[in-house]
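Both of the next two complexes hold chain A, though its partner changes from chain B to chain C.
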Partner chain A sequence: MGAQKKGGGGARVSEDAEEQSHQRLQAILLADSFATKFRPVTLERPKVLLPIVNVPMIDYTLAWLEYAGIEEVFVFCCAHSIQIIEYLEKSEWYSHPNLVVRTIESHKSISAGDALRYMYEQQTETSQIQGDFVLVSGDTVSNMPLADLIQEHRERKKKDEKAIMTMVIKQSKSSSLTHQSRLGTDQLFIAVDPLTKQLLHYEEDKIDHPRGSVCLDKSLLESNPSVLVCNDMQDCYIDICSPEVLSLFEDNFDYQHLRRHFVKGVLVDDIMGYKIFTHEIHSSYAARIDNFRSYDTVSKDIIQRWTFPYVPDINFSGNRPLKLGRQGIYRACDVIQSRSADVGASSVIGYGTKIGDGDKILNSVIGNGCSIGSNVVIEGSYIWNNVTIEDGCEIRNAIVSDGVKIRAGAVLQPGVVLSFNVVVGRDFVVPAYSKVSLLQQPTTEDSDEELEYADSSSRTADHLSGLNLQMESKASELGPDGAGYIWEVCEGAHDEEWKHSVAPIPEDKLAEITQAIDDDDTDDESVVPTSGELKSDADSINTDMNDPNDDYYDFEKEVEGTVLRAVEENIKVDLVTLEINGLRLSYNMESADCAGATFYSMMKLAVDTPHNSASELYKNAASIITKWKELLGFYVKKIDEQIEVIMKFEEMCQESPKELGPLFTQILHLLYDKDVLQEDAILRWAEEKAGADEADKVYLKQCETFIQWLKEASEEEDEDDEDEEEDD
Partner chain B sequence: MDFQVVILAGGFSSNLVPLVSKEVPKALLPVANRPVLSYVLDLLESNNLKDLIVVVEGEDAALKVGGWISSACVDRLHVEVAAVAENVGTAGALRAIAHHLTANDILIVSGDIVSDIPPGAVAATHRRHDAAVTVMLCAQPVSGPSESGGSGGKDKTKKPACEDIVGLDSWKQFLLYIAKGTEIKKDTRVNKSILCAAGKMELRSDLMDSHIYAFKRSVLQEVLDQKPAFRSLKQDVLPYLVRTQLRSDVSSDQNNVEENGNGKNNMQNNEVVLSQVLSNASLPSFHQVYESGLDSRKTHKCCVYIADESKYFVRLNSIQAFMDVNRDVIGDANHLSGYSFSAHHNIVHPSAELGSKTTVGPHCMLGEGSQVGDKCSVKRSVIGRHCRIGSNVKIVNSVVMDHATIGDGCSIQGSVICSNAQLQERVTLRDCQVEAGYIVCAGGEHKGETFARK
Partner chain C sequence: MPDVQSMVAEFVNKLRKRKIEGSQATAKCTVELLRSVISHQRVPHANQAAALIDAVKAVGQQLVAANPVELAVGNVVRRVLHIIREEDLSLTTAAMAGLDLLDASDDDDIDNCKGIGYPAMSAAVVAAAARSTLRPPSLQTLLEGTPESATVPYTSSSGADSESKSKSADKSSLTRKLKHDVIEGVNQLIHEISGCHEQIAEQAIEHIHQNEVILTLGSSRTVLEFLCAAKEKKRSFRVFVAEGAPRYQGHLLAKELVARGLQTTVITDSAVFAMISRVNMVIIGAHAVMANGGVIGPVGVNMAALAAKKHAVPFVVLAGSHKLCPLYPHNPEVLLNELRSPSELLDFGEFSDCLDFGAGSGSLQVVNPTFDYVPPNLVSLFITDTGGHNPSYMYRLIADYYSADDLVM
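And now, the complex of A and B:
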């Protein structure tokens, strides 16, 4: 599988000899993000080859690694490996004097963890990785120097064998509203030892704790007198690793994600006492393009020259430099621009692009060979290469891939992503946030996190060949003369839609979030355990009750299912009790809970059985109770349990006052007659209720006469004749 | 300064039995032959805080404390003594004396502190930030309050680690989190909304709450009124204020209160804030940023004053602490005692009588009119007034209170002998406490025992 491409061929032999003298600086570049955030575009082309400000992402990463003094890069290709290798072969990277680029291919890997395991296995045969290495992904844009950092890492490693990784972080305050950074990633909570910079805790928001607090282990604080908890840091996904990292991945075959599994594993499971350290960069730039929002942000940073020297007017990877004009407008020398066209600040226009009359281009990047008709408005958008835009189109905050045709008068609403060669029909309005591709949305979305486009490379080719057929058959989704499928938003990704889009967050969403924060905050109080506050405080009671309630609810559901099945299939009472007992153990419930739940299920059954009048309902209930009283009797041996049943019943009546409410006394009497409830229990319940609110006493009042009768009966057993009249 | 000072002097603390009794409430326990309360009063006086309310639990104790105060310092300070019911907690005590509080800001000091940290600095920090509450934090003693250790030996099994966990912002100005280490079972939970607003939070377990607080009176009273269940300042009120600092319920009408009290109005307030920001050319605090981001929000500030590490601070809340304080005040922290030491680093009152061949080592104190017999040896110990000590007695690392009688040939190590107690001949005590007026029979050898009548 992993055919290994030796970059420069035999010319490398001489360098191998030098390896003894000094440790080569090596890097592993993962040319696969193992995620699906750039779909549908990545179905057809690997993410690292997508252009950012008209240069493929991987070029930024390689150029930076070369500049930072890395001597050898292993490019790990997974999905679309052929495309990547082809690209690298055509580019000048293979013949670069200072940087050796080798590619490693593996189609089996579906995660960063698999990739590193594969590297490790290869390692044993060829021992490519000799020492510490830099681990980055191919979508990193940075200009930070690495040599000092690697030196720092090595020295730390010399002193402390266990310091196996140094992680680069950068300050970046996430918005207090959306709780996401400007790169569109979830907010990150890390805890660092302020002196040694050792990483103590790593938590990305959503995955671990949707709750309002960060949990730190107590032992952490006991062993460190001071812990710095940061929320304003951005993980740059640039790691300096020691060879142990590879073997750790090998040992822990379930590690997939670099952060979620590996870092967490090292921190939480405390494997062999390994430690991870952080390095904060201040003046240099480092960011990873994780989603469409970060694509937008990083593009702007490049245009604003934060990433110098990796800016459009400098040739850093064989790209043709553009000319920088006033107001940060980069323009190729051969652009044909109509005099009436208006190109606004911070825009980039590539080679061979034609811009028609009356066009308005603002804050946008336009690739090579595009042709733009007249009176087109393009705002905050990214138009890749060879795109045709006809007259009068409006494009706002969209990404338009290579070869797309947008017919006259079409409108792309904010957040639209058009994949390769899509055709948007005349006057068609593509709704906001739609993702459009010529390929149909894959239906089997198994574990969407891990698989980016692992198996799609082979399929892509088929699809592309059969493209024309599909265009005709299913053209209507983008207007009569359009071509492409609008993908449905996958489940649970509605949030991602606007969070990870190139479009700015709309105001109504902001308002919504603000509202949500208010709600969250009020929740907080019950969620955060009140430190030392008295238990009698209302909030803390809620805290205590929350979980058992949920548990009880689940338990009740299970019991209900069991009873229902028992009734339907006429299962023996012993077996049902056995089953309920099992549930009771697994949910850690009391016998009284079983009684309540069983009774609840029985009454629910009665109510659910079709009936026309109250008397029919009573008959239903009576027959069920008569039939299953043994089951109930099994759990109501004690007075407390019987009271629980009455309370439960009362609760049910309150919930459906029309159905069961009027029958309260009758059914209570029935339960008494069938010896399910003893009079002591009923009287005790009445006593307890006597002190309750008026509203709670409705049912007590309803059965007052019955209780009265019970009281008298207990005093003198004889007087039942006349009382029975009252009860009926 | 318009600060009212409340000293919470407690009552008969059960931790300190048998040292405290009906006769001697906690506030009057002697430290180097002066009541512990006098150290607090001196500290406040030196910071020019002279308007004091001393709150004592229980009527009897209040009478005792009041009696001492009127004899000791009525001429220098304006002190009121208020008695509150026992076991109402610190918050309860403040509720009970709420009608006495009139100043805008209240400084609350625990009455069992022996320290040289200036409370004035806390008050100044409080005012500078216009805080709702300011807490003084001090370095947690690493292994007992001072290195001169050696006393008590195994008594020091109490782990000082993790007494309090506090969260500070990056400039160490604001208090973002506080929890008692002993109450945290497994995880420390830090509220994300506060963390997000502040960006960074430094969690420190090497600082401890020193029980010196400055409160805005309006805030304090509002919390006490609104939350009748709150009993303790440290465990209830303070965490509540810290937790709610970004969605304050209390400061909403606080400005109005201030308006009435101070004649300040909101406009001016804003200008003050603005001018502060401009003059310091610093970023506005995260509270202000947060407030401006969500305009419906009110915030209040919880500030900290972190005492210098070199400062001395001990709370007299356990027998071990009592021993430590006595040792330190005549030893390493002798500037606190207010006595002048002899060339031998000890204090022997001129009226004390020493027998022949008796030595009194450094870091010792011998009170007025005490008599020590022949061939005795006293090391690192405090001996009260009018004690009678026989011959061949060895006293090391101990405290002997006034009017105690110690027979010939006794050996006392790491122990406390309360006033009027009597040790008969040849008693050997190690790490013991003898209650006031108790008589220990001759010849006994005791270790780690408590002698009390019940």
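And now, the complex of A and C:
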């Protein structure tokens, strides 16, 4: 075993087996998710203290760790550490007979990697990771037994020193449509050796292609007789780690994310040769609350009692147990419920809550001390503590935090999240998926999800008081008597919103996805998907749902700007070409498009230059073409590109038949004269146009004589050529 | 004191998380805990029994709240309270009578005190009156017609005894004596609980006859011991074990039975009716026996009882006396069932796509109750450690074991 072990156990002369039996079972609990998926709620309260079915998440985790026989837990607090420590001090955990809870505070850590590095550095004699430990985050809900698993890990470690981690996985089928698991996370592909259970490959379906391709290293197949690849596994984010894991984090200072960096890093790194193993659990439950959808799913699982004994009618961590009635309705004994109220299946109602006449409550969790007026509809929602809901409100699939007031007649559409103490005005309709907070949205929003670290959240929390002052002066966005800001959804995330919200995926979205998949099946060649839904935010260009025409339009605008500037500032042709080439690459255009766009901008310039008559316009055009023919010439080297230019010109004439229309032949002639266009191109254009509608032929007719002339000339030339050939 | 506190906390914690299973184990742990509570409890000079009762009640309430489904906890707490009351009563009687008659500790014999002096007479009346509060009113006590005012000297005598010095000296020994007696009584209870299997098993030979076919469901240690006892007495018989889905504890029982050399057949729960015509007797272990003679047992028991009734097969329930619950099953305060995790029924992973509420369509719900209720009219016989009883006799047993004051804690 590693250096850690020697340092810790060097003094002891005891035998290995004995030492292991004495070893305390330890766990590191990360009380920070280092992500911002629960914003805006997490701006005011740490995620681990958010209630799930009326009990803070961390209580589920601690109760499970205690039950599983863990003796010492290091709770790593980062954002809102004071709140977490205060909570733990008040709770029974600090004085628990079997479980020693120690808190570690660090404000500098901005990722799980930093946290573990900090843990490694801060180890002292009293608080020390002595051996194998369990690494979980404070938002884990589980009832799996750990003792056997730790034993298994130790045995394996004894045989193979490189086996440093055991990862818990659980089967959970992901949706075939949305490619996301029940918990709202991306589909996970893992490859496992079916015999040894060694993890060989780990891939979150982050950059998911509609067809989803997994790349496995060929050497995997060479070194392992059989490889099991599965996509129906869910990562429970419960790891049994050896002390080497901490030193690995210390050595690799760039490891941030436990999975994306650490696991992948270990799998790729064959110098150290560390191995990760998996352990699949069958009958026990384990899930991590990672986003609003998993909040919803895990709540439902708790109500359906998959997490037994961590269910609302059992007092597992100082919570007041509720009474379980028929149809899975959990109710506190002192609930005041009107006789006409209809509380439907799978609902939870907390202590001291009042439910008025004619209310309809279904599939919802209502916290303690709430007062609900009459004729309120609450469906699939999570109402936390001390919420006031006035008469006639409608709340569907929403999360409503502590102290919120919803005035009469207000409507919360699916997916709404109301943060603490927000007031929704009378008859106000909060649009779907909006997030509302008393705090303003932090302006320095990082677009990259990975960069959204805890430090920014703590920073904004410090601004709390200042923002509150601003609030009062400003009229609310939630109706005249409301209070709170509706956060704007940033462009990239809008697509994700429906995926990760508490609301079920709407029917039309599902239909859309089905449609997209069908389209995809029929049309394999399409480079750009018909809708951007299947793409994640990773490649931003394609998700914007721009069809090629829009792109071309933008490109044209840019080229026009460039040309205009070039004319005004008299920039050299080479530089302009360089610039346009740059644009061409960034917009992924072909040189024909460049030709068209350049010509278009030149003509536009000519038209925009003040002129009185057609002849003046012709003069303008002529001077510009003469001056910039080299630029145009750069793109019109091929016949196709030249035809494109003619087409473009024709299009322009059609758009402004009065100004440019009469000059069509003249300018065409000019272009021919200046060697921008070759006669072949013009003739080919004429041939193509010959079969077109009468309306389209206006300009063809106009230049009939010119073409006739060209034809004759070319025939002569041909003859000349032939003559020349004959001469040869 | 603090170590008792922490012991209580630990036990409460275990009960809450359902770490202890099986009513016998729970009952035993509870009594042992209560014994240490009593031995650590300091008793004041006056009203010591009340102090003990309060202490035990306080702990008992915590324990019952920790796992209201495990009725054995409440039963045992009530038993201990009853012991305290009885001992207190017999001591008071003895103290009053002791002035004249030193050997009056036998509380069962009221006639002992007859024709003594006035104080002894009052003691007898006190005892009778107090007993009437301990025992539910029976025909005998009603006919005796003990005057209500007789309770007055009881309270006044215990309060105003300090006049003589000999009495106060007596009192301090009495303090020690009460505690000592109570602990003695509790020890007896522990002995009774741990010996209940043997007590019940001893009767096996009277109930199981040669070449019979016995059906049982689920797993119960009492049933195992009972069957094995019959086997040891050279009875040869066959056992059908219904597997007891979803926990399949019947499989474990079958394994044990085969290891002890019994002819064992495992059947599914749904095959019970098909097999019942070949069965001579159904024997099951109970989780709890209610005051009306109804039985709470593993899920599926009611079905077996109905099948037995249909074929007139005797339905025998084995229950140690700690399983006798003085409550009625129609009392809403009594939690009769517990819904366990659905993962015992089906594999989460396999069904994870149907459990999704997110899809909007209907979702799968799984309910996994632990217990079943068998009404008294389906039960033929109870075999407890005190012998065989009819369901209709249960209330009488309960009256012997519990004080009416403790029914509501």
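Note that the second predicted complex is superposed on the first by the 460 of 728 C-alpha atoms of A that agree within 3 Å, B and C clash if a C-alpha of one lies under 4 Å from a C-alpha of the other, contacts with A are read in each partner's own complex, and residues count from 1 in each chain.
Convention: contacts are C-beta pairs under 8 Å (C-beta built on N, C-alpha and C of every residue); 3 or more make two chains touch, one makes a residue touch a chain.
Since this is a predicted model, take the numbers as computed values, not measurements.
Touch criterion met: A:Cys230 reaches chain B, while chain C stays clear of it. Of the two partner chains, neither chain B nor chain C is touched by A:Gly691. Judged by the touch definition given at the top, the superposed model places A:Ile314 against chain C, while chain B stays out of reach. When the two complexes are overlaid on their common chain A, residue A:Lys173 makes contact with chain B and with chain C alike. Of the two partner chains, neither chain B nor chain C is touched by A:Gly273. In the superposition on chain A, A:Arg305 makes contact with chain C only, not with chain B. Looking at the shared chain after the overlay, A:Gln187 reaches chain B, while chain C stays out of its contact range. When both complexes are overlaid on chain A, the residue A:Lys218 reaches chain B alone and has no touch with chain C. Residues 173, 232 of chain A contact both chain B in one complex and chain C in the other. Residues of chain B touching chain A in their complex: 161-162, 165, 167, 178-181, 183-193, 195-206, 227, 229-232, 234-236, 239-240, 243, 246-247, 290, 293-294. Chain A meets chain B in the complex at residues 173-174, 176-177, 179, 187, 189, 191, 194, 211-218, 220-222, 224-232, 514, 517, 520-521, 524-525, 528-534, 536-537. Only residues 63, 67, 97-98, 143, 170-173, 175, 182, 184, 232, 282-285, 293, 296-297, 300-301, 304-309, 314-316, 324, 328, 346, 363, 380, 504-507, 510 of chain A touch chain C when the two sit together in their complex. Residues 6, 9-10, 13, 16-19, 65-66, 339-344, 347-350, 352-353, 355-360, 365-368 of chain C are the ones touching chain A in the complex.
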